[in-house]
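Both complexes shown next keep chain A, but they swap its partner, so chain B is in the first and chain C is in the second.
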Partner chain A sequence: MNLAQIAAITQHHLKGPYINWAALSPTVVLTVGAIAVLLLGLLSSPMVRERLVPSAALLTLLGAIGAEISRFNHPATIVHGAMRVDDLAILIDLICAVSAIATVILAWRSAAPREAGHGEFHALLLFSVMGMAILASAQDIIVLFVGLELLSIPLYILCASEYRREGSLESGLKYLIIGSVGSATLVYGLAMIYGATGQTGFTGIGNAIASNNILTDPLLLGGIALTAVGFAFKASVAPFHQWTPDVYEGAPTPVTAFMATATKAAAFAIFLRFFDVALISDQNKWAPLLAALAAITIIVGNVGALGQTSLKRMLGFSGVAQAGYMLSGVIVGTQLGVSATVLYLGVYLAMNIAAFAVIQAHQIETGDDRIAGLRGLGKRSPALAASLTVAMLGLAGIPGTVGFVGKFQLIHALVDGGYGWLAIVLVVGAMISLGYYLRVVAAVWMSPAGEHAEISGVPAPGDVLPVALAPIAGGSPEADQLPYTEIVFVAVLFATLCVVFGILPSPLFHLAAHAGAAFSGLF
Partner chain B sequence: MSPTTWGWLVLLFPLIGTVVIGVGFKRWGRAAGVIGTAAIALSFVCAVGALVTLLGKPEHGRELTSSLWNYASAGGVDAKLQILVDPVSVFMILVVTGVSTLIHLYSISYMKSDKGFARYFAYLNFFVLSMLVLVLGGNFVMLIVGWAFVGAASYLLISFWYRRETATKAGIKAFVINVLGDVGLVLGTFFIFRHTHTVSFLGSFAAAPHVFHHDSTDLVAGCLLFLVGAFAKSAQLPLHTWLPDAMEGPTPVSSLIHAATMVTAGVYLIVRLHPLFQLAPTAGEVGAIVGCATLLVAGTIALVVTDLKRVIAYSTMSQIGYMIMGASAGAYSAALFHLMTHAFFKALLFMAAGSIIGAMAGDQSLDRMSGFRKALPFTFACFIIGGLALSGLPPFSGWLSKDDIIAYLNNRGGVYEVLGILGYVGALLTGLYTFRMIFRAFFGEPSPEAKELEHGHLAHAHTPRNPMTGEEEDNDVGFPGPEHVIAERELPMKVAMSLLAALAVVGGFLQIPGVDHVIQNFLSPALANAPLASAAHEPSNGNAWIGLIIGAVIGLVGISIAFRIYIVRPGTAKRLQERLPALHNFLVHKWYFDELIDVVIVQPSLMLGRFALGVLDRGVINDGLTGGVTGLVRSGGAAVRRAQTGFLRYYAAALIFGLSLVLLYFLISST
Partner chain C sequence: MSLSILLCLPVLLALVATQLPERYVGRGAALLSLIPLGIAIDYLARFNPGNSGLQFVTDKLWISSLGIHYKLAISGLNIALVVLTAILFTISLAWSSQRQIDRPKLYYFHFGLAQSAVLGAFMAQDLVLFVGFFDLMLIPFYFLVGSWGTGDRVRATVKMVIYTAVGSFLMLAAAIATGVLASGQHSTALTFTFTALQHLGLSRTDQDWMFLAFAAAFLVKMPLAPFHGWLADAYKSMPIPAVAVFSGVVSKVAAYGFIAIVLPIFPQASHHYQTLMLVIALFSILWATAMAFTTKDARLVIAYSSVAQMGFIMLGIFSLKSTGDQGALLQMLNHGIVTAASFFIVAAVAARADGSENLDDMGGIAFRAPVLASFFLIVTFANLAMPGSSNFIGEFMILLGVFSTQMWIAIVATLGVVGAAVYALRLFITAMHNRVGGRVKSFEVRRIEVIAIVPLLALILVLGFYPQFGLNKSQDSVKAAIAPAAFGGCQNDFPGRTVLSCVAYDPSKTPTSK
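This part shows the complex of A and B:
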């Protein structure tokens, strides 16, 4: 037999399933890129490791973004109904990819990839992004779980990647253990829903709930409860948020930035998809509960952030509060709600990346992430100080920044969906949050410590917690004091985006409306 | 140029001023004052331009909108960066920019030795910008933006002397209460938007009669929420406690923000949204009653307060009570008329008070002032003019404007007639407390400072002290500067005060019953569709004049009682205090409003905070919402250290606990 014959026979007898490669392309790009990066990391030349590997990771992410953009507005259901690549999934993928790009740049010269190995660090990051992409388009509970674990496991490792630093290891371990509890809860919930409906596909579950009249079936409701808790855990919704500040504080700052933005986006994507597609007919059961959780989250997060002295920890609590805001869009179960949540995820990305970039730059310089340590930043580096100011004002929702646009749309969705009281909680929460965001702004522009040590509102350097973040071994702070132009660039870029889209938000609204339209079953 | 072009220019100059001063605050030094004043003066010129061009339009074409770009046009929201130039907004920008220009001018002298001179003018320009956005905004979004910005500016300026603890605390208090108002405004907007599907003012007003029934629930709820916003910003009961504390800011700030402009935003809001309030008479009644209650409560407190600036602050609350009462009842043009005259004479009174405080080397207590009549002749003249206008004596401006409101109320009848009569009681109190101030500060035996000043020496404190607590201070940045100023020796202050004094005398002549109705005629195109503003509801000239005469007599009675108590028999006040200790205590404690709020709001939130500290989270609140942040930080720091040891099992336990609750909820709901 010659080769042609073999080919012909293969083609005839080994028929694979039809695969829509075009729709799957973002995931494929990420897979190929991740493996290539991992292999590149094996080469021993420092030039390859420190330059080529991150560049390859960036290239992969850019490729993924390209693939995503090309699939925009071409919704497709693939893998036998197990995944759906619609505009919601694409937008979430974009958010995650942009966040990962920022992470790669922030980590360019930081200790984390050097200690963990450049190949491993970047490959794990890419795998995590891939998990997010899968999770965001999951349309089946099996795919959901695969995506979730693919997202989480690399993150556990990334958190611990500065493994010579106690805080980093502690953070990774904490995240792993408590994350496993969360995952276990979720799996139980999914199993119970499967048991009640006999379906694994979201639409199948939705149809089964609607047609079999099992709206009040304890098995189903128990399943919903456990799933809700599982998702709430990933999205750091109170009272399942307690890991967040600890893990955020301990993890290397680039990884924290990634977790704060991308993980949150992916978690909310699946929140939206599962509750607003599969479980939408049971909405009047779960919506009041989620609304109560959102209210608790907003209060706990904002009140928790008030007392923090560590910037990263404060942003951890603020992330909890913001998760409460974003949950509003899930609760109302309308297209407007979906688009409001996606819009908020987008603006949250810009504000948080800007903030974390400044923290990273500041930490490289001083080895310190205390809020009080920021004093004098306005003099040392006006660009960084201005970026942080914009980020903080944005997170607080001051008009003229994207934060205002995002909150505006969420309130709109809430009032439109009949949850006016939650809108009140949201606004009150946003106002409380000014208390800690403005404190950062004040610290940034104040003269360096020592000139007016008694100024109220900013703790005197003596009475705060010991500086836990200076590297213990490996790299000393002095060795890390390299120029950090690329980090300043990231900070300024995202801060600029915060302002530009705060003044001209129409494009954001249009993009987010696409995400809302992806759920044709909603109003 | 069209009126809207002028309108944009009105906004442009304060913006330029803010940016220029803010960016180059180190370079400008003293020039910052000139830049700031010039920016606002140019803005005033443009406001006049807007007025002239608007008057050139036919009456039915005097509501013009202009938008720079679409702010948001998806998801049903159609928010534009839009201004609305109509008689109401032009009236407001004229008052705001006009008074602001004079107060900027005054500030050049008043703040001259302060280390934060440039910062002060950057803030002040920012305030004017925000206030102009508030009054020019063409939709609810712009209104909310302006509303939030003036709150922020007010906060910045109250705690301008940021190393004074009393000032930072007052700033926080003002901020928290104003935030409550912001919440009301935002939610009210969405209640309306839900039905009208547009955020633009004109669109909402056009749609409102079709989508809302008379007094329908959502509309009343929306209007009541707007009133919460108005009450918080305009310091009406029970959200008024921040205003007296706001006197911690520099005196020109009290004059501009906490007397003439920002605190009247609530009145503007009601007038601006009158098409909605007309459809919700219930909300209107609530507003009128609260306004009246504030008028009386604040008037009585002003009788016993001994801090000069705080007396004027309570007087401001009380006068805004008149305006809120009038605007809620439907006397729109009368309310705006009083807003204007009040801006003149109240700004003047504050400026004069600033001059006296300068002569007292920073001391604000009425107990220590006396006999400044000869030492400060110019200030005395200004204070008398302002005081007569405030007390409503003819022919001063306050007489015509205040009685315009009361006459309308009496004419409307029903519950409003009762409010009108109570308005006269308020007038009596006004005359009494105003001249209590004047007689105590200017008459009687000259105080040591006054005597010294008569010999040409301006009193100077050896160690600067906080006038409220007596704590020692220095003159560095964050505290007031070393020099004290009096109007007699500063030309800019003199010019500003003379102009305002002239306006306080003649400002009322714009609207005299039976003679001219300039303001009413000017505003009428904007109020064309308001049945309450129609001629049928306006009092006849005869009734209006009867009201004016009664008002003048009552003001005079108030003044003569003050004269009897403080001049003829100087010991009377003390004897009254001894005879009626309970009443005096009650008034001195400001009707126990702070204590009430403490019990109703602060204590529960403290308890909640303790609960949160122990159970919900690892240590956050050890103080109420309005408490200082420093305390929080300390307890937070301790709690964080404890948490660093990592109680993983507690996290897991919390997760399981929360899970059980969620599960329980679903299982209960399944039955």
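This part shows the complex of A and C:
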């Protein structure tokens, strides 16, 4: 045995698992970008910090999106089976990245990055997106946990980033404590599942459950229950949702927008992967449990939102309710269910970003987010008002918006999977939700009685009344003069997407079907 | 020319009109709405009454992975309603254009959207498309009531939307379930088109559930008596042109849904629930008639009379006889015209009673406005189904249909005809005759009132002289639509139709055994 051979053998033994860097490229781009942004933020020039840093963050996210798109339809299992970059992961990554882009734009001139430091704010955001990317492609409970913490810890800080404001600090602390409880529960659950199956990989766990006849093993069931609770904390599924409205209300609005959309997407990605891959053979044990949770979540979220006066709190509760809707795609355990959940995550992103963009613009202008404060928005800024209207109607599931498409596919999946009763609960939830979404729309467009001339059946006919005050009409380009053009742009862009894909939803169904097909083990 | 043009034109033209200077938006919208009206009349002219199937079909695969079609068509069931929609919207826009309206651009945009949605609901031949348009219809009216209504309008509009949404969201779930279950039970690809679903019969139990969900949506929308909670507030608050189209055509979408969707797709369940539906319709007639007697509000008299009329239409539909169903279809047309004319007349009368719609404030208006009084009288006669009016033919056919199905219901329902005479004449007399009301300043009918009322009167007269006009287009389509339900869904009269279960089939209930 010559030296060369020895060297080769040593090298072989010392070598880590083979890493397909191409498949991992989105994560790599995010890592490099995040570090670069952090370092850039150390420069003292305000120009660099206020312009260059967010631009670099945007560039990183665009790069990540490019990398993700290039990997679309090329599923690969990487890092020795610890991660799988399939179309589900890619779509979730895209949702998170788009949400982060919107967040950066919304935060462009807001207080949060100024106070927390531009470099830190944007780097934390990028790290969080990276955590989501890892979580969405996790195939192993260790990777799962790493991804989950990587996504959560930056968020705890981001929530508290407006640290001169009491509400922001409260929000960060609350999220930290409750998030930690959730993580701890999850770790217990994962440890018990490992104890029951002796495996850390998802497929390994799945095979062990199927072959070792441990479907009713209390250790396994306990593990499943605790894991479900841990995920439920992250996805704000009732009764583990109490933090949601408080944290949403207190956190800076751009961060809330990010949490509401991206975190939810990542949490549901892992919900889907863990329950519909690793635990699928035990489905008849956990599905009724999750279905009950989903039903409770839909009712609690929708009823809770009814009495809210703060828009962000209302959207917090509405987010809880929507989590209940999305959970139904997990429960049925079919490819259709997976695609329905992913589709809903996508449409939820568009509707929520549009709504939060309007809230951010409104907050900059008036400093509050009360629903009553929206009164007259239809006259002040028709663009924002129309965007908020589309978002609200979409969240309520009115046809012509993507919300209808999303609900359609969820109901389809439920009926198809034999959970017709949950479809009824979903529909009842949607009915209740009209009560609060329409209140917002009414506040925007319908000023209180007597404020403007009304037409009824009875204006004096014939004689046209002289109009004392010319009514202010919609369509004035006021919005352009406001100091937050980029926010209006985000709001209008996402609202337009809501309508366009609401009328022509075929591409969405095709994309979502890819996500469903990623789970080849399901029907 | 594709039906998509007719579908999209109203909303597109409304958008064009909003580009005009604010003063001309209304007139522009009203003039432009003549284009879809012309197109609709063109379809009426080219319609072939001998064909009971679909005509002028536009069929594209809309969402390929779910087998959802963008399919529009004209048939004997909807041709009259499509034309009626175009007429009523044009008239309502003309009425609006003569008035000062706050934020006119939004107002006319919502009107255009409403017209497109209503036309879409009538022409859709795919369940999902229909449900989409059915729900979409609600949104413009939500804004029209909430922004341009009177009184406690925000409360009224939210109430209306939530009531209607309860039904229509259930219908959404049921529509999806129908497609999924039908394709599952017959192991075919997922499909939602009416024609395909008619041949994929569902099992009895499934049909019952689906029927109830669809009925919930339609009964609230019509509305019939126990489901009418939103009606008084919403009708009271709606601007007059909006209430004219709402009561004239939007409520007809629900009745049309029963004939075009529920009866052909859930025939066994329709047969099973026939008596229940007839009883609801009967209750509706009696209750609404009683309400119309007692209310002091002129607008609500018309509102409740329209509930009673919808009850008659429902009776006709669930007589499951071709006479009854044709009568129902004719009555939809009649009622659409009469109710819209009534609302405009109430507005004209209220304008002479110092803006009050309370009957106590009216009276004696006829002395200075004989022409208006004559208009009102014609509408009143049509409303109470005077022999010679088309309404008489409609109600007669409906009662004839019910008579041969459930005689006692027909007998009780006749009370409704009598009641209609009482409340319609009471409204006319208190408003136009009697002592002159305290605040009444009567004057003759004005040009802007003529614009709205005279075309509708002309239609009433035309239909009165020549009711066949409303009947001959629909005969064959109606027969085809009700055939499966009339025979309990068990007679295999549909070539290619698979009957899954006829266990509950009771020969004594089929009309053939009588």
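We adopt the following convention: the second predicted complex is superposed on the first by the 471 of 523 C-alpha atoms of A that agree within 3 Å, B and C clash if a C-alpha of one lies under 4 Å from a C-alpha of the other, contacts with A are read in each partner's own complex, and residues count from 1 in each chain.
By definition in this document, a residue touches a chain if its C-beta (ideal position, glycine included) is under 8 Å from a C-beta of that chain, and two chains touch if they have at least 3 such contacts.
Just so it is clear, the structure is predicted and the values come from calculations on it, not from any experiment.
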Partner chain in contact with A:Ala423 - chain B first, chain C second, else both or neither: both
Chain B versus chain C as contact partner of A:Asn2, first or second or both or neither: neither
Touching partner for A:Phe509 - first (chain B), second (chain C), both, neither: both
Chain B versus chain C as contact partner of A:Leu221, first or second or both or neither: first
Contacts of A:Trp445 with chain B and chain C, given as first, second, both or neither: second
First, second, both or neither for A:Pro399, with chain B first and chain C second: both
First (chain B), second (chain C), both or neither touched by A:Gln242: first
Dominant toucher of chain A (residue count), chain B or chain C: B
Contacts of A:Asn213 with chain B and chain C, given as first, second, both or neither: neither
Which of chain B and chain C A:Ser44 touches, first, second, both or neither: neither
Touching both chain B and chain C, residues of chain A: 398-400, 408, 411-412, 415-416, 420, 423-424, 427-428, 431, 434-435, 439, 452, 454-457, 459, 464-465, 505-506, 509-510, 513
List of chain B residues in touch with chain A within their complex: 69-77, 141, 144-145, 148-149, 162-163, 165, 168, 175, 179, 182-183, 186-187, 190-191, 193-194, 478, 609, 612, 616-617, 619-621, 625, 628-630, 632-637, 639-641, 643-644, 646, 648, 650-652, 654-655, 657-659, 662-663, 665-667, 669-671
Residue numbers on chain A that touch chain C, as the complex places them: 378, 393, 397-400, 404, 407-408, 411-412, 415-416, 420, 423-424, 426-428, 430-431, 434-435, 438-439, 441-442, 445-446, 449, 452-462, 464-465, 467, 471-475, 505-506, 509-510, 513
For the chain C and chain A complex, residues of the former touching the latter: 18, 22, 62-66, 96, 98-106, 128, 131-133, 135-136, 138-139, 142-143, 146-154, 157-158, 161-162, 165-166, 169-170, 172-173, 176-177, 180-181, 184, 239-240, 299, 343, 346-348, 350-351, 355-357, 446-449
List of chain A residues in touch with chain B within their complex: 170, 174, 177-178, 181-182, 185, 216-218, 221-222, 224-226, 228-229, 233, 239-240, 242-243, 246, 285-286, 289, 293, 300, 303-304, 306-310, 313, 336, 339-340, 398-400, 405, 408-409, 411-413, 415-416, 420, 423-424, 427-428, 431-432, 434-435, 439, 452, 454-457, 459, 463-466, 468, 503-506, 509-510, 512-513, 516
